[in-house]
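Listed next: structures, encoded as structure tokens.
Consider the two complexes below, in which chain A is the common component and chain B and chain C are the respective partners.
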Partner chain A sequence: MAVYIDINRCIGCRSCEVACQRVHGGHGHINVHYVGDYAAVPVLCHHCQEAGCTKVCFSGALHKEGEVTAFDVEKCTGCGLCALACPFGVVWTDKLAHKCDLCQGREQGPACMATCPANALSDDFELAARRARERAARAAAVGGRR
Partner chain B sequence: MTKVLVPTVCPYCGAGCGFCIAVEKERASGIEYMPDHPVSQGALCAKGNAALEILCHPERLVSPLKRRGEGWVSISWPEAMDLVARGLSQAKKKHGPRSLAFLSSSKCSNEDNYLMQKLARLLGSPHIDNCARLCHSPSVVGLNRTLGAAGMTNPIPDIASSRCIFIIGSNLAENHPVISRWIHRAKDRGAAVIVADPRATPTSWMADIFLQLKPGTDVALLNGMAHVIIKEGLINRDYIDRSTRGFEALAEAVKEATAERTAEITGVAAEDIVQAARAYAKSPASSILYSMGITQHSTGTDNVQAVSNLALICGQLGRPGTGVMPLRGQNNVQGACDMGALAEFYPGYKKAADPKTIQYFSAAWSVHDLPLGPGLTATEMIEAAAAGTIKAMYIMGEDPANSDPCSENVRQALESLDFLVVQDIFMTATAQLADVVLPGAVWAEKEGSFTNTERRVQWSHKAIEPPGAARSDGEIICDVARSMGLQFDYPHAASVLDEINRTVPQYAGITRERLDAGSIAWPCPTADHPGTPILHCSGFNLADGKASIVPVAFRPAAEAASSDYPFILTTGRVAVHHNAGSMTRRSPSLISREPDLYVEMNREDAAALDVQDGDEVKITTIRGETAAIARLGDRVKKGVVFMPFHFPGTNILTTEITDQEARIPEFKVCACNISRRD
Partner chain C sequence: MIRVDARVCLGCMSCSNVCPSQNITRSEDSGRRTVHWKRCKEECDLCVELCPAKALSLVPWDENIPEPEISFDLVACRICGSPYATEPMLQRIESELPAEMQKDASGLEWIRICPVCRRDVEAEGTVRQMVLARSRK
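After this line comes the complex of A and B, so read on.
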């Protein structure tokens, strides 16, 4: 599982950033990037299948647990290799490494997903594509865009 | 350790999102979302997520203060009450009750506002107002005149059933972010979205048709659309005949407003105007959402009426998915108006100038000599203070020294008062000018009902105690009233709501007990009435039950660009700040995201001035100058610049010219010059 983004919906309000910081004691793991004046994209850990960060983590702090790229803070040495290895820039080291933990321990799931005012974040990989297909189908049914 | 979840209503914008505050050991330990909330469904924007940061802020006022020389000394509550009573009484005795003015707060609960306006009026002063004057006073005037009720006609979730959403003068994606989820839901169902704004914003990202008009040309655009709709026969003739009056006059008034002519005035392509007009008129259910881009103009009331006209000629009212929706900017600005904290209205929009109103409230409150209105508006109070006719003011939870236009004049006017008492949670720029400062409570530290932008009344519970000697605003007002010799016996907020149920017909059925079960939209005339989520389903609350179509002619904004001041400055809000910023600028996770005042410019304009992105520039108007960081982009067209008004610098620049009827200042248009600052 990971948190997926529907960039058609993101309004760049940075609510996810503040929520993430709030539930992680000030260390946020999601950042909203702006694409010129036209769009915004929140960027966070993809929980990669072949996760670069886990490959370089010699202490085993970052490791795969099923689909999730998990982190064992007890094992972290703070070496910072993970931050270098992550191709998306979503693992950081401030003394110790930190990254999206999918709000482990939070019964209701990731805070960013719950708080997103525009429903741009979800754990359903198919959702953004399904919405796009439905929009396209509807537009075709009425003879194209107005 | 026990954790209690206390349901509250977010203290920021008017969307009225709910969240629970987790309370452990009498301290707020966190936020829990509220997935079953009808508007927010568990979502919160950045401000909502940061709301707890102001609770235990080190700069909170924790004791009453009195001025001594240039500094402040802490005093006890009895001494503070004594000083306030003496200050207000002296002015009243020497200069009469009309020398007193009161500013109530759209941040405070319905109960607080009801008490504040009652205090003002029992002391004999008609001069009571709140900062709705600076945001939606034209909606109050314009919508009351055209539709007979001043409020959003349909609830927020209903936007999802709209088939065409016309957003004009509102950047809701930043300022009411949760509303965007309902717009996206409508889009998923095939709705078209039209956005009219001088700036490209995250709201215009959602648009199918984006009309980037010149600031201050809204009436021209709306009239142009009406022209196209009438010319192409897209009006709803049945609806016009059955439910409105005045159509013929409108048809005559917009006869010349062709798409081409409108394009010249507004700078919007003629085919876009035609396309937008067709989309709005043809859809089976169209709604119009608007905010400050419509109201904060010297033609604000005209703008609102032009919006109403469009909805009326297309019959886009009184059904799900339709409506005219003024989006209100503060958590209880709707409620503050409903409670009569307005110069021209007693509670329940009873006209202050009508002797029958005075009779009604004299009986309800068992008093005589209630003042006949209208009183002075928020902006007029400042003028009157400068002119010396207002001698003493009581300001609760408002910061006019920051939020009013031409703020240098406001400062001088407030300084010239004989007595100023300010009740707030922080030492705001206005509080700095006071003789006595009273420490109030924030939403989580008191209970009360709040009315959001959809007229939905919700009860917000008390989670924690106010810090230090701070007290709930209702208690403070009651104490002030009692120290002035008035009978104010309200042991708790519920007892005030009880009186509101008796005196405000729209709220008659919205009792404390019912609010425990959930929210209710006014009008709710009886205890078994379900409330009225959608207005105007069966006619209008005007003569013959018909709405009024009021033709308006386009008038340009008061200030135009000139050779000395070649740019048009427009102002607004950003996602991580709120209004005058006294809360959000003190909220670490918000101020860190938008720390400085900036001015948004078009790249070409900047290049001509040799200004790079991030340079500090000087912005000058005839009223003053301020410094800001230049932010370059394509969001504004050439000749237009934008500044957020959350920082003290912005309103040094803005004009104090107001709408003739609603007295709202023209925050959205003034002429300025920009130069490098070196």
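After this line comes the complex of A and C, so read on.
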């Protein structure tokens, strides 16, 4: 499981950044990047199956728990290796590592998802895939290349 | 007292973070990171235990041994040029990740790119996919 993005919907408002910071004591785990004037893309942990961050974590703080890339704060020394081993640049370290924990322990689920006014975030892979297919179908119905 | 094996120290942030007595200091300026181990009389060995490189050991107190200090030039990001990591840390990552993971689909050696630029690359790639998907229709 991860939070999936639909950049066709993202309006670049950065509400997700603020929501994530709010539930994690000021440490945000999601960053909205702007690509020209063209699009905004929230970048966050993919909870990779083969997660680089967990492979280099010597203390076992970052580890896989099923599909989730989980973090055990008690074991972390803040060495900084994980931040350098994530291909997507979505792990931060100061005295400790910080990364998306899917808002573990928050009853209502991921805060970024709930906050997004454009409905651009979802933790449902099927929904994300269905939306993409529907868009493709709509475009095909309208016809032609754009 | 702490002894440091300078050949294996990564210049990471572990020991300076975990020392409860702030006996290990880390400073960073103009692209250099310096780690300094003060003379330490504590009975604890947290830093020794928690060094990812096993670079530290405890040795008997001796005033004549100077306090160890190591400086690392930080490696510059290949895209933006900002210093972001020590060379030994990057080499450690290169030695621990499977080779096929070390390049992205476009062949980019992302380990040599700073985390901010990695996010930019990821964002640009996502947009490129969207544009491609649209133009295929």
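In this text, the second predicted complex is superposed on the first by the 136 of 146 C-alpha atoms of A that agree within 3 Å, B and C clash if a C-alpha of one lies under 4 Å from a C-alpha of the other, contacts with A are read in each partner's own complex, and residues count from 1 in each chain.
The rule is short, and it goes like this: contacts are C-beta pairs under 8 Å (C-beta built on N, C-alpha and C of every residue); 3 or more make two chains touch, one makes a residue touch a chain.
Please read these numbers as outputs of a predicted model, since none were measured by experiment.
For the composite obtained by superposing both complexes on chain A, the positions of chain B and chain C are free of clash and fit together. When both complexes are overlaid on chain A, the residue A:19 reaches chain B alone and has no touch with chain C.
Seen from the C-alpha centre of chain A, the directions to the centres of chain B and chain C diverge by 120°, a value given as a multiple of 10 for the model superposed on chain A.
Contacts of A:11 after superposition: chain B is touched, whereas chain C is not reached. Look at A:116: by the touch rule set out above, it reaches chain B but stays clear of chain C.
By the touch criterion defined above, A:104 lies against neither chain B nor chain C after alignment on the C-alpha atoms of chain A. Of the two partner chains, chain B and chain C are each touched by A:38. In the superposition on chain A, contact of A:131 is made with chain B only, not with chain C.
Of all C-alpha pairs linking chain B and chain C after the chain A fit, the shortest spans 12 Å.
Within chain A, the residues touching chain B in one complex and chain C in the other are 38-39, 139, 145-146. By the touch rule above, chain A contacts chain B in their complex via residues 9, 11-15, 17-19, 21-23, 36-40, 108, 111, 114-119, 131, 134-135, 138-139, 142, 145-146. Listed in rising order, the residues of chain B touching chain A in the complex are 30-31, 33, 35, 40, 42-46, 48-50, 173-174, 177-181, 184-185, 187-190, 192, 200, 202-203, 205-206, 208, 275, 279, 575-576, 589-590, 593, 633-635. The part of chain C that touches chain A in the complex is made up of residues 10, 12-14, 17-18, 50, 52, 84-85, 89-90, 92-93, 96-98, 101, 104, 110-111, 114-120, 122-124, 126-127, 130, 133-135, 137. The part of chain A that touches chain C in the complex is made up of residues 5, 7-8, 31, 33-35, 38-39, 41, 43, 50, 52, 55-56, 58-59, 77-81, 83-93, 95, 132, 136, 139-140, 145-146.
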